[in-house]
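Look at the two complexes coming up: subunit A is in both, with subunit B in one and subunit C in the other.
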Partner chain A sequence: MRILLFLGGWLVKAALILLAIVVLNFCLVRLAPGDVATVLAGESGAADADFLARTRAEFGLDRPLPAQLATYVGNVLSLDLGVSYRTRRPVADMVLERLPATLLLTGTAFLFALGVGPALGVLAAVKARRPADSLITVAALVFYAMPIFWVGLLFILFFSVTLGWLPPFGMRSLIPPSGELARAIDVARHLVLPAVTLGLFYVAIYARLTRGAMLETAGLDYVKTARAKGLPEWRVVTAHILRNAMLPIITFAGLQAGHLVGGAIVAETVFAWPGIGRLAFDALLQRDYNLLLAVFLASAVAVVLFNFVTDLLLRIADPRIGAAGG
Partner chain B sequence: MSFWQSFLRNRGAVAGLAVLAAVLLLALSAPFLFSFDPWDTRGAPLQPPGEGFALGSDMLGRDVLAGIFHGARVSLFIGVVSTVFAVVIGVVVGAVAGYFGGLVDDVAMRFTEFFQTIPSFVLAVLLVAILTPGLASIVIAISVVTWPPVARLARSEFLALRHRAFVEAAVLSGVSHIRIIFGEVLPNALTPIVIMASLMVATAILTESALSFLGLGDPNRISWGYMIGAARAVFRHAWWLSVFPGLAIFVTVLAINLVGEGLNDALNPHMRRRTDP
Partner chain C sequence: MTAPLLEIAGLRVALPAGSDRAHAVDGIALDVRANEVLCVVGESGSGKSLTAHAVMGLVPKGLAVAGSIRFEGRELLGMAEAERRRLRGSRMAMIFQEPMAALNPVMRIGDQIAEVFRFHGRPDRDGSRTLALLDAVGLPDPALIRHARPFQLSGGQRQRAMIAMALALDPVLLIADEPTTALDVTTQAQILDLLRAIQAARSMAVMLITHDIGVVREMAHRVAVMQEGRVVETGPAADVLGRPQHAYTQRLLAAVPKLQPRPDRSAELGATVLEGRGLAKTYAGRAGLFRPGRRVAAVAGVDLSLRRGEALGIVGESGSGKSTLARMVVRLVDADAGTLTLAGVDGNLLALRGRRLGPVRRRVQMVFQDPWGSLNPRRRVHEIVAQGLLAHGMDRRQARARVDELLALVALDPSSAERFPNEFSGGQRQRIGLARALALEPELLVADEPVSALDVSVQAQVLDLIADIQRKLQLAVLFITHDLRVASQVCDRIAVMRRGEVVEAGPSAEVLFRPRHEYTRLLLASVPGRGVGEETGSA
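Here is the complex of A and B:
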C-alpha cells in the first residue's frame, strides 16, 4: 500500500514538473528570434510577406497565444514535438534514437561516481589526517575545479594519442568486430573515457560530501555506544556511520542528476559520443531550436527518472522516510 | 580569534587569495601589456611555445598568452556579475518565502524546486542560444540556473530569524516589511550567503567556460573556453592550445574554491568543526 502511494505521488509530481517544462519550452520558442516561417523562408529564398503569412497559418502561428499553447501541450502529450528545421524529420524520432547512447553514458558515469566517490570519502574519513586522507582530499579539490571538457581533452591526449590504450572518439569502431560479445566490448572500450571524464567531477563531490558526513556522524553518541558495546570497527564504520552518512549523499545525487545530464552535452561533444548531447551541439550550430527544445524536454524526463531512482534508494537506505511520510 | 587571523591560518585559502590576486592582475594589465586585439594575427600559425610566442600561437597565428590575459577579464567579469544577479534573485525569493511563510512560502519553494529539477546546463545553453550569444545573455543564463540554492539557504536563515525578539519588536513598532527584511533580518543572514556566493563565482566561471567551449561565448571577446573549443580540431598536434587556457580556468576555479572554504572556516566555526574534527 505504501509503495502504491509513493508511486502515485511520484507520478503526480513528475507530471506537474513535465507540464511546467512544456510551458517553459513554449515560452522559450516565443523568445527565439524569428519563427519557423522566417527559417523556412530563409532556406527557400522566397521571403515575401505572402509566403510568410501562409507558412504561419500552416503552422498555426497566427492564432492567439493561449490557443497555440494548448495545441503545443496537446502535441507534446502525443509525442509530436514538431519537425527539425533542417532535416525536416520529426525531432521526437531524432531524440529517441540518440537517447539510449546518452542513458548509457550518464548511467555509467552516475554509477561510477556513486561507487567510487563515497568509497574514497569513507577511506579518507577512516584515515583522517593521514597521507591517504590528504591525497584523496587534494585529488577531490583538483577534479572539482577542472572543466569537464578539458579533462576529456587531456585524457584523449594521454590515453589515446600517447599511450594508444583506448579509442578517443565515437561509440563503435569504424569496422565493428563480429559477434555480440566482441561488439559489446568494443562499445565498452569506447565508453571508458567519456564516462570517467563525466563521472570524475561527481566522484570529487561525493568523496568530499562523504568524508564530511562520516566525520560528523562519527562523533555522535550512538556511534560511541556501538564502540562501547565492543562491536568490531568495520561494523561500526559500515553499519552505524556509513548508513547514516549516505543519506545526504543520495539526496545530493538526486539533486545533481540534472547537472549530470547537462554535463553530457560537453562530454559527448568532446568524445563525439552519438547521444542527445551531441545532437544538441549540432542543433546549436544550426540554430535548430525545435530540436534543441526536444533535447531539453528529453533531458528533463531523464532527470525526473534519475530523481525517482534516488528517491527509491533513499527509502531503502532510511526506512523512516517511508514510515513518516506515508 | 579575529576573522583575518583565522583566515590567514588556512594555508590553502591564503594561496588561493594570492592566485586570485594574480588573475585579477592579468585581467587589469591585459590592455597595457597586450594593447593589440587578441584576435589579431601576430605571426606564423601553430608556433609551439618558445621565442616568438611565450605560450605558442594558434591556427590563425594569434598569441595564446595575449588570449590568456584578455580571457581573464571575461572569466572574472562573468563569474562576479552573474553571481551577484543570482544572489539577488535567490535572496529575494528566499527572503519572501521565509519571512511571510504559509502559502507564499509554498509557492516560492515549489518554484525554486522546479528550477532545481530542470537540467540547468541544458537550460543555460538554450537561453544563450535563443538570446544570441553575448556577455549579457551569458550572465542572464548563468544567474537563471544558479539562484535556487541561494533561495533555499536564504529561506532557512529567514525562517530561523523570523521569530526572534528583535524582528518581532520591529514588526510591533510598525516598521514596513521591506525594511525589516532588508534592514533587520538580511544583515544577520548574510554570512552563510556570502560564503555560498564566493563558491558560486567558481561554478559560474566553469559554466561560462563550458558555454564558450561549445561556441556560445561572446563573439567579440576572447575567453579561455573559446580558445580550447576553437583549437579542438588541432589539439592532438598543438597541445599548448588547449593545455594553457585549461590550466588558467583550473587554477582560477581552484583558487576561488580555496578562498571560499577559507571564508567558511573563518566565518562559520560550526562548519569548521564538521569538516575538521
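Here is the complex of A and C:
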C-alpha cells in the first residue's frame, strides 16, 4: 500500500517536472542567436530575405514565440516530437536509432566504474594512510582532475597509435568482419577506450567517495559495538562499515545513471562514437531545434527515471528513509 | 581469597605527541572480582573510559597500551588478536553510552544479536535463544522487537537490546560505559534496576564507568575514583562515599547537586515580568503528496508567569516540550496559540513580527545547552560577546569596555577576550555564553539545559554563578532542565512538564517535598542515589 502511494506520488511529480523541463528547454534553445533558416541560408550560399522568410514560414518559426511554445507542448503531450528541420525525418526515430550506441558506451562505463571504484575505495580505507591508500588516492585525484577529452586523447595516442592494440575511433571497423561473434568482438574492441576513459572519471569519484564514507563510518559507535561483540574484522568491515557507507555510493550511482543518456557528449566526440551525444552536438550547431529538444527530453526522462530508482534503492538500503513521518 | 577476575596493574595508555598530557591512563591498578560491581567514577578526561576500552582491546590504533591486564588468570596485553577476539563478546562484553549510536541503524535487532552467536561458533538457528534474551531484559513482545530496527525503539528499549546482546554468551565480565547517561531519569532508574537484577542473577562481575555519583550510590559494591589518568582512591562503596579520604573525592562528592530547595525569597521578588497564557505548539511531520503528516503536540496549553528576580524551573524528560516552550518564549519557534506579555511591551509578544521584535530580543536572552555548538568558532570572545551590543547600535570602544565588565561578571580573565572559543573548557564556554546573553542587560534570561553537558564540579560552579548573577541583577530566569536536583538549586518555583502539559507547578520546596502529582513522585523516586544519598548526607 505504502509503495503504491509512493509510486503514485512519484508519477505525478515526474510528469510535472518533465513538463517544466520541456518548457524550459524550449525557451533555452531559443536564446541562442540564429535559427535553422540562417544556417540553411548560409549553407546554400546564395539566399535572399525571401528564402529566409519562406523557410521560417515552413517551419512555423515566424509565429510569436508563445504560440510556438503552445504548439510544441501540445505536440509533446500527444507524444509527437516533430521532424528534423534538416533531414525531415521524425526526430524520435533519429534519437531511438542512436540510443543503443550511447547506452552501450555509458552502460559499460557505469558498470566498470561501479565495479572498480568502490572496491578501490574500500581497499584504500582499510589500508588508510599506508602506501596502497596513497597510491589509490593520488591516482583517483589525477583521473578526477584531468579533463575527459585529454585522457581520451592520451589513451588514443598510447594504446592505438603507439602500441596499436585498440582501434582509436568509431564503433565498427570500416569493413566489419563476417559472423555474429566476430562482429560483436569488433564492437567490443572499439568500446574499450571510450568506456574506460569515461569510466575512469567515475571510478575516481567512487573511490574517493567510498574511502571517505568508510573512514567516517569506521569511527562510529556501532562499529565499536561490532568489535566488542568479537566479530572477525572482515565481518566488521562488510556488514557494519560498508553496509552503512553504501548510502552515499548509491546516491551518486543514481546521479551517474541519470547521465546514461546525455552524459557522454565529450567521450563520443573524442572517439567519434555514433551516439546521442554527437547527435545533440550536431543538432545544436545546425539549430535543429526539434532534434535538440528531443535529445534533451530523452536525457531528462532518464534523469527522472533513475532518480526514482535511486530513491527506491535507498529506501531498501536504509529503512529509516521514508519511515520518518509516515 | 580467590584471585580477582580482572587484574589491571601498571596500565598506561599513551596519548599522541602534542596532547595536554603524555598518558591518558597513567599507571593505574584496579581489580574486579567475580560477582561484584566496581564503579569507576571520574570526570571527563579522567581516563576511565579508555581504561575500559583497554580491557576490551578496543583502544584506537596508534595509542600505545603498556602494563598488565590479567583476565581469568591470562595476560591480555600481547595476546594474539584472534584469541582476544574470541574473548570479546563471549567471556567479556561491553555496553555503551548512546544506545542509538551503538546499534547498527540498518540491521534488525535480532540479526545483531544472532551475529554474536554465529561468530562465536554457536549459531542460533531457530532464534529461540535470541527471543529468550530479549525476554530476559524485559522487552515487551520479543518476537516483534527481534524484527525491529533500532530507530523503531525508544531509548530505554535500545539500551535493553544492547544489554541483551552483551549477555548473549553469558559473559563473566560486563563493562558498562556510562550506560544510562543518555537516558531520561525514569528510564535510567529502570535500566539500573535491570543491570542490578541481571548482575545478581548471573553472579556476573560488572565494571561500571560513570560520572554520576548518584549512579555510584545505587550500584557500586566497590568504587575507584579516577582523576587525570590516575586512580586516586579505591575501596568499598560505603567507605569511599561515606568517608572519602582523597581531597578530589571529597570535592567530587561535595559538588553533587542535592535535592535542596533554595531558601524562600518571595519577599525580594518584584513585579511580574512575563506572563503566558495557553501557549501551544504542534509540530506536523512532513506530509507526502497522498499522506497526511503526523501531528505532535509539543506544547499543549501552558500557562506561566515570572516575576522580576525570580527563577522558574521547567523540569521534564525528553519529549516533554520544555525546550519548545523555551524557544517559543525567545521567539525562535512560532507559537500556534496563546498570549505572552512582557512588562513594558504592548500587546501579545507572540504576534510581533520583524522590526517590532527588536526591542523584545534585547530584553529576552538565551543560554544554550551545548557549549561547543553555540559559540561561533571563528570569532574571538570579545566579538561574540559584543555582537549584540554592536547590533543594537553601541559604538565599538564602549562595547569593548562593556565586554571587559561582563567577563569579570562571569569570573573570566579579561585576557580571555582575545582568544577563540576552542581554547576554553566546557564550563568556561558556558560562562562566555552567559556573558553574551547578559550583554544587552536583559530582564529575562532563558537557560535551556545550561549545565547538562558539564562535569559535576564545573556544573556546581556554573550554577552558583547563575544564582549569584540572578540575585545581583534582579534577573528573571526561565530555567529548563531534565534534572530535578539542578532545578532545586537555582529555582524559586518549579513546573513539571510531561507530554506538552504542566502537570504540577509550585514553589520548589512544595514540589520537591510534597509532590501532588504522581508523575512528579515518579521523577523524584527515579533520581539516582536518592535513598542512599540521604543517609550519607545526614552522616
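In this section, the second predicted complex is superposed on the first by the 260 of 326 C-alpha atoms of A that agree within 3 Å, B and C clash if a C-alpha of one lies under 4 Å from a C-alpha of the other, contacts with A are read in each partner's own complex, and residues count from 1 in each chain.
One rule holds for everything that comes next: a residue touches a chain if its C-beta (ideal position, glycine included) is under 8 Å from a C-beta of that chain, and two chains touch if they have at least 3 such contacts.
Given the structure is predicted, the values throughout are model-derived calculations rather than measurements.
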A:T217 in the overlay: touching subunit B, subunit C, both, or neither? Say first, second, both or neither.
neither
Which partner chains sit in contact with A:T55 here, subunit B, subunit C, both or neither? Use first/second/both/neither.
neither
Once the shared chain is lined up, is A:A300 touching subunit B (first), subunit C (second), both, or neither of them?
first
Based on the superposed arrangement, let me know which partner A:S84 touches: subunit B (first), subunit C (second), both, or neither?
neither
Between subunit B (first) and subunit C (second), which does A:A280 come into contact with in this model arrangement: first, second, both, or neither?
first
Contacts of A:T310 with subunit B and subunit C, given as first, second, both or neither
neither
Going by the touch definition up top, name the partner, subunit B or subunit C, that contacts more of subunit A.
B
List of subunit C residues in touch with subunit A within their complex:
56, 58, 85-90, 93-94, 96, 98, 101-107, 115-116, 119-120, 149, 151-152, 162, 165, 285-291, 293-294
Counting only contacts in the complex, subunit A reaches subunit C at residues 5-6, 8-9, 12-13, 220-222, 224-232, 235, 239-240, 243-244, 317-320, 323-326
Listed in rising order, subunit B residues that touch subunit A in their complex are 114, 116-127, 129-132, 202, 206, 209-210, 213-216, 225, 228-229, 232, 235-236, 239, 242-243, 246, 249-250, 253-254, 257-258, 274-275, 277
List the residues on subunit A that touch subunit B in their complex, please.
17, 20-21, 24, 28, 31-33, 128, 141-142, 144-150, 153-154, 156-157, 161, 211-212, 215-216, 218-219, 255, 258-259, 261-263, 265-266, 269-270, 280-281, 284-285, 287, 289, 292-293, 295-296, 299-300, 302-304, 307
